[in-house]
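Just so it is clear, A, B, C and D label the chains in written order, and each chain counts residues from 1 on its own.
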Amino acid sequence: MATLTSQKIGTILAKQGILIAFVAFLIGFTIANPKFLTPDNILSVVRSSAILGVMALGVTFVVISGNLDLSVGSMMSFSTIVVLDLHDKIGPALAIPAMFAMTIALGALIGLLVGYLKLNSLIVTLGMLSAIHGLTLTYSGGKNMDIADKEGTWFSVFGQGSALGIPVPILLFIALAALLGLVLSKTSFGRKVYAVGGNGTAATFSGIRRARTVFLCYIMSAACVATAGLIQASRSLGSQNTVGQGLELEVLAAVILGGASLLGGSGTIFKTVIGVLILGFIQNGLLLIGLQFYVQFVVTWVIIILAVWLDIAAKRGKLWSPIA
Amino acid sequence: DGHGTMKIGITQNNVGVDSYQTTYEKAFIEAAEANDKVEVVVLDAGGDVARQIAQMEDLIQQEVDAIIIWPTNGEAVIPAVRKAHQADIPVIVTNSNIAEAGFDFVKSFSGPDNVTQGARSAEIMCDKFKDMGIENEAQVVHITGQPGYTTAIERASGFEDRLPEVCPNVTIVDTQPGDWNREKSQQVMEAFLVKYDDIDGVYSGDDNMGVGALNAAKAAGREGIIFVGATNFAVGYEAMAAGEYWGSIYQSPVDDAKAALKTAIDALNGEDLPFLNYFDTPKITQDNMGEFTKPVF
Amino acid sequence: MTDPVLRLEDIVKTFPGVRALDGVSFAVMPGEVHALMGENGAGKSTLMKVLGGIHQPDGGHIYMGDEKVVMAGPLEAKAKGIVFIHQELSLAEELSVAENIYLGELPRKSLGRVDWAKLADQTNAILKKLNVGFDATTRVGDLSIANQQMVEIARALTVDAKAVIFDEPTASLTDAEKVVLFDVISDLRASGVGIVYISHRMEEIFKMTDRISILRDGQYQGTVETAHTDEESVTQMMIGRKLDLSRNASHHELGDVALEVRGLSCGKLYSDVSFEVRRGEVVGFYGLVGAGRTEIAETLFGLRDPSAGQILLNGEEVRIHSPADAIARGISLVPEDRKGQGLVLGMNCRDNMTLPQIDDLKAGPFVAEGAEIAIFDQYRDRLDIRTPGWRQQVGNLSGGNQQKIVIGKWLSMHPNVLIVDEPTRGIDVGSKSEIHKLLRELAAQGYAVMVISSEMPEVLHVADRIVAMYSGKIMRTFTSEEVTEDNLIQAISGITPGQAA
Amino acid sequence: MKPGAFSKALKSGAIWGFVVLELIFFSIAGEFLSLSDKAFMDWENMLLLLKQSAPIGIIAMGMTIVMVNGNIDLSVGATFAIAAIVLLDSMTWPIFAGLGDWVIPVAWVLALAVGTALGALNGFIVWKTGVDAFIVTLGAMLGYRGIVFMFNGEQPTSHLNWTLVDFAEAEFLGLATASWFLLAVTVAIWFLLTKTVHGRNAYAIGDNREAAVNAGIRVGPHMMINFAIIGFLAALSAVVFYSESGSVNPNDGQLYELWVITAVVLGGTKITGGAGSAIGTFGGVIAIQLLRKGLGHIGADTSTVNLVIGLILIAVLILDRQLNVKGKEELKL
């Protein structure tokens, strides 16, 4: 009986290693600076994590399906610039769906290339990273994009508004996370995503349309990126062309921290959310401690490796890798 | 080139990174097109020294008449500049200067004086504190540009050296980079606001970041903070007009680009040039902004 | 009596939720072929992995001669003279045959260079002994599964082994290669090597081995001399009951033609293939490596585009573009490569089993998990799948149980045409007869069944008619009345009848 | 000729075909669009191309072996910067003051040693923790960059030694110093991958790690050696490049990992491991450098360059895919 319970605790640890690591970080930072765990700070961290977080939700699908998406950063810049530009031209009510359509069209292009043409996703999305950046620069003429009338637009609600005392970006993040979490864990589409990422050949042999599944993952990723762009644009009502630059790696780091394997077939939305929060709180915590940004780099390095290591060590039941 | 056209090559620092640089590139091309004696090759190093050096070599190989360089690193490009010099191609440095060791190989520098800009921002801030009567207690946070960029470094040092001279009792409580990025700067400011209950002034390396910081303060409901930036962007100008943002440094990429092109043309025409061609970058605050037109970028 | 080369004593090994080995003892004499038998999941592979240094035991000891040893890893086991031919192929597909055979011990020259000449010489010598149709420089990925298995087997001949472990070496071999394998084993035995031989095929066990040790549910059941026992009592020890091995002779009425293939060709893989399968009929496909049977099945399942010919379902010509198409038309395929094609190893048992019908199991917008579990339970019981529960990852099941999951997955689709490719590869005797019975029953219920198998007893046992293939062509179709072992071998050997002798 | 040998040759030739295509395109487009009176395919220009390919090319050779091995290294850009700092800064250390110009080889060795050690550290972590190399080096990309900044804050680290510059700018038999290094490294990695036991084991591990483990290959140390090699080569690239330029910004080398990986994959190395070649990588590096150079030659602006480079990457993949279609018989997966 005793062994059974200890085994159970072991499994729980293994399953929730990343969560435990998260709690440990929170405690550590709170000791270092009591302001860390104040409601204001928590809200502010979660709110600024929301943009990264919404993008990470979509990328989780892509990664589980066994692919990568490095284009989300420059795609987010694109959607931000586009929606800001269109806001003044056709009004927010039309600008938002138009921007979603354009962003999703880009996602569809990637989905076509990776899903149907079976091209390597790392290179395709790397190429798209560059191409979309060029597209954005061409679109904007390189200029910052700003809404003319910043006070008089309801568009600011997505980034600056709040309901029940909770900022709208957080609400959007939570709602999307819940929705996509259900899609991934409870629907047949989600099951197919896992199957395609786990073993694409076996999935095909089981009658799953692999190309379509991958295609849809990129569509979802693009839709998430568009949402992130919307929040971003609404938050500052103006933006530069590079607003999302570099986010692709942060997003990936968050998804990985959440325990998704880059080989595909594993990961969950819940864990990705934890991964996003870990990154957000680490950055914020170190800032509050007052460490130089480059010390943050080093600390993030250590934490990423430690967190992932402990996570997989718990799963395999051994600290050290079995690699000879 | 007996036809009298001058072929001028330019290698810029990192055009995509902010609208200053993009506006510069556009203005440069426009100025060149307006002058039918001039043809230009416009290159962008994408922030990568190796690529910039390769572009210098390419321009030398293409036998252009003059080269304008916006250095990614004021020292690393010196040997490449020397090569151009040895090939008898005059080199004009634009926007941020190269190190002294390379001065012998350079015809002229044209651009803003970033150290002075930083110093002027310090003065703007100090004057405002004095007006408010808080020059003996004020606490300032500092948001710098992209780490490693000469412009970021020079402005930061100009500011941090000058502030204690004019306002010895003002303290700079924290410094973090905002990477020339409005969103990043907003996040940095959010953390500052949590960390420090009393912030009286924010200096940011450009207005883009300054507005990010302003947004954070507005969202947190913190009022009375004095925002001072540099490189007055359109957003900064508007925020000033709205009375939310105190001051900045007026610097036009159009002037910057035109000055660089003109310096190159003058050099090719054999005119006498001062070695340092600073164009003026005046202070702009809510008080005197009427004297300036709204920036185009 | 001589000392054993190798002795395992009281070996215990547990995995989360599974006690795979429970105090197993086992010894191999020099020059002995020692069979290790047991049902799927009994712990045979695990025991051998402990011996090969791949798993560390939780209890017990290993002795080589008199010396107590610890097998810290595969390297150490190899250094001590233990060669392990794995149940699952363990090959680097991009590398050549020679490099695979000498993987981990390529001959060296100065500067750490590979001694290619020496490597080629040694490899060719081994390949010659094995009488295979490929050479040292062939890329392993280009070989058929059977030939890849031969590459694995060739590894046994590279070192001076003290003991060689064969974990189901014949599961993917056809008869011709089996003959070669048995020659190899005889040679090894003659030179005093101790051999552990794991197989579910009784006829091999009784032909090849000297003694038989039996495991059941991770527990040691005893060791018997092969000469002094028979299939029935071995089976009894394995599964704890007697097995009814009599041919299921129930002949039922055949229905209409469910599937007809006319002049079907696919490039060089096979050409001008015509046959029909009626409802209620089991048609066996028998042939040598590369005969093209798998490719026909893949074409019928929408995985290959035929270059000529027609496919008719219920008398109507159809074009099948994808497996999804095929499934919609009521075709199921149990593929030959369970790991590569049949299963998502990281997924649990239930999800694997219901994968092809996941779109149909709906409760509102979500998957109906209850219905899924019901399907899983039904086929777990029917196929006797050994797993702690549906949550277990398929990758952690024993090879045979994995195969049962694949079969269950396709049976649960209730297809009109069921195609099974090597359905009992790696399946223990008890379950095998269960599956055979099932195939007959399915036919009786009106399914049209195609069985592709490289085991002659299997096709003879389950098929109403047998299609004999050689090199992409149908040589002859036999009814169960006219078929004999001899004329079947004749037919599948094409122009080289001596090979299968 | 063995069956498949031709298609294999065609496949590995895809990148070279693309290089030729680029040459033709830029030569013709250059006639109309370029300011220069000189042809694009000028011999001098091609030699320059080789030289300019060195910084990315030398690292790409290391990436080839790491990727063949089934791993990836995202930290090379940061390692590059650290090695540069060590190289330039160590020349000014007081302990070496008495050495005169002999400080140069000392600085080289130090920089190479540090690069090797950083690479080995990544390898060691991958080996001992079992964390995927992508994650380990993604972390290190940040961590090593942090170390770069810790060294000198945001200031560049500079030391212009004209002896060194002259050496780096020197030409031997018409080739620049950097070109020689690139060629030597290419040959060395080609030799390592095709001729040595270590190289063949690298393929085996990348192809099927479990099989390699079962065969008794010591996978952990093996991978660590390869990470040390790429660390060494990242440092060598820095040594070659900064000898000529004498100053390093703390964010130098950023995005190098992406360019390097792109070159390697364009050169036909499988991203999942088990296949790839130094010669292919060489082609990939040349193709990328040619693209940058050619776009500059015809005067494309920044947004066009970004757009075109991105689309070309994808186009090459599509081309490669078309060349590799085995025919209609292929299994449709």
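Methods note: contacts are C-beta pairs under 8 Å (C-beta built on N, C-alpha and C of every residue); 3 or more make two chains touch, one makes a residue touch a chain.
In this text the structure is predicted, and so the values were computed from the model without any measurement.
Colleague: Using each chain's Cα centroid, which is most distant from the centroid of chain D?
Modeller: It is C whose centre lies farthest from that of chain D.
Colleague: More C-beta pairs touching across which pair, A-B or A-C?
Modeller: A-B
Colleague: Would you kindly tell me how far, in whole Å, the mean C-alpha position of chain B lies from that of chain A?
Modeller: 33
Colleague: Using Cα averages as centroids, what's the distance between chain C and chain D in whole Å?
Modeller: 44
Colleague: What whole-Å value do you get for the distance between chain B and chain C if each is reduced to the mean of its CA atoms?
Modeller: So the centroids are 70 Å from each other.
Colleague: In chain A, which residues are in touch with two or more of the other chains?
Modeller: Each of 133, 137, 142, 201, 204, 292-294, 324 in chain A touches at least two other chains.
Colleague: For chain C, what residues touch not just one other chain but two or more?
Modeller: 73-75, 303, 322
Colleague: Residues touching two or more other chains, restricted to chain D: which are they?
Modeller: Each of 149, 213, 216-218, 302-303, 305-306, 332-333 in chain D touches at least two other chains.
Colleague: All pairs of touching chains, please: list them by chain label.
Modeller: Every touching chain pair, ordered by label, is A-B, A-C, A-D, B-D, C-D.
Colleague: Along chain B, where are the residues that touch chain A in the complex?
Modeller: For this pair, the touching residues of chain B are 15-19, 21-23, 25-26, 147, 174, 176-177, 180-183, 186-188, 190-195, 208, 211-212, 215, 219-220, 233-235, 238, 296-297.
Colleague: Which of the residues in chain D end up touching chain B in this complex?
Modeller: Contacts found on chain D: 34-38, 42, 44-45, 48, 51-52, 55-56, 149, 154-156, 158, 160, 165, 168-169, 241-242, 244-252, 254-255, 292-293, 296-297, 299, 301-303, 305-306.
Colleague: Can you tell me which positions in chain C touch chain D when the two form their complex?
Modeller: These residues of chain C touch chain D: 52, 54, 73-75, 77-79, 84, 86, 90-95, 99-100, 103-106, 108, 111-114, 139, 142, 266-269, 298, 302-305, 307, 322.
Colleague: So in the complex, the part of chain D that touches chain C is made up of which residues?
Modeller: For this pair, the touching residues of chain D are 4, 195-198, 200-201, 203-204, 207-208, 210-218, 274-275, 327-333.
Colleague: Per the contact definition, I'd like the list of chain D residues that touch chain A in the complex.
Modeller: 125, 127-132, 134-136, 138-150, 213, 216-220, 223, 258, 261-262, 265-266, 271, 302-314, 317-318, 321, 332-333
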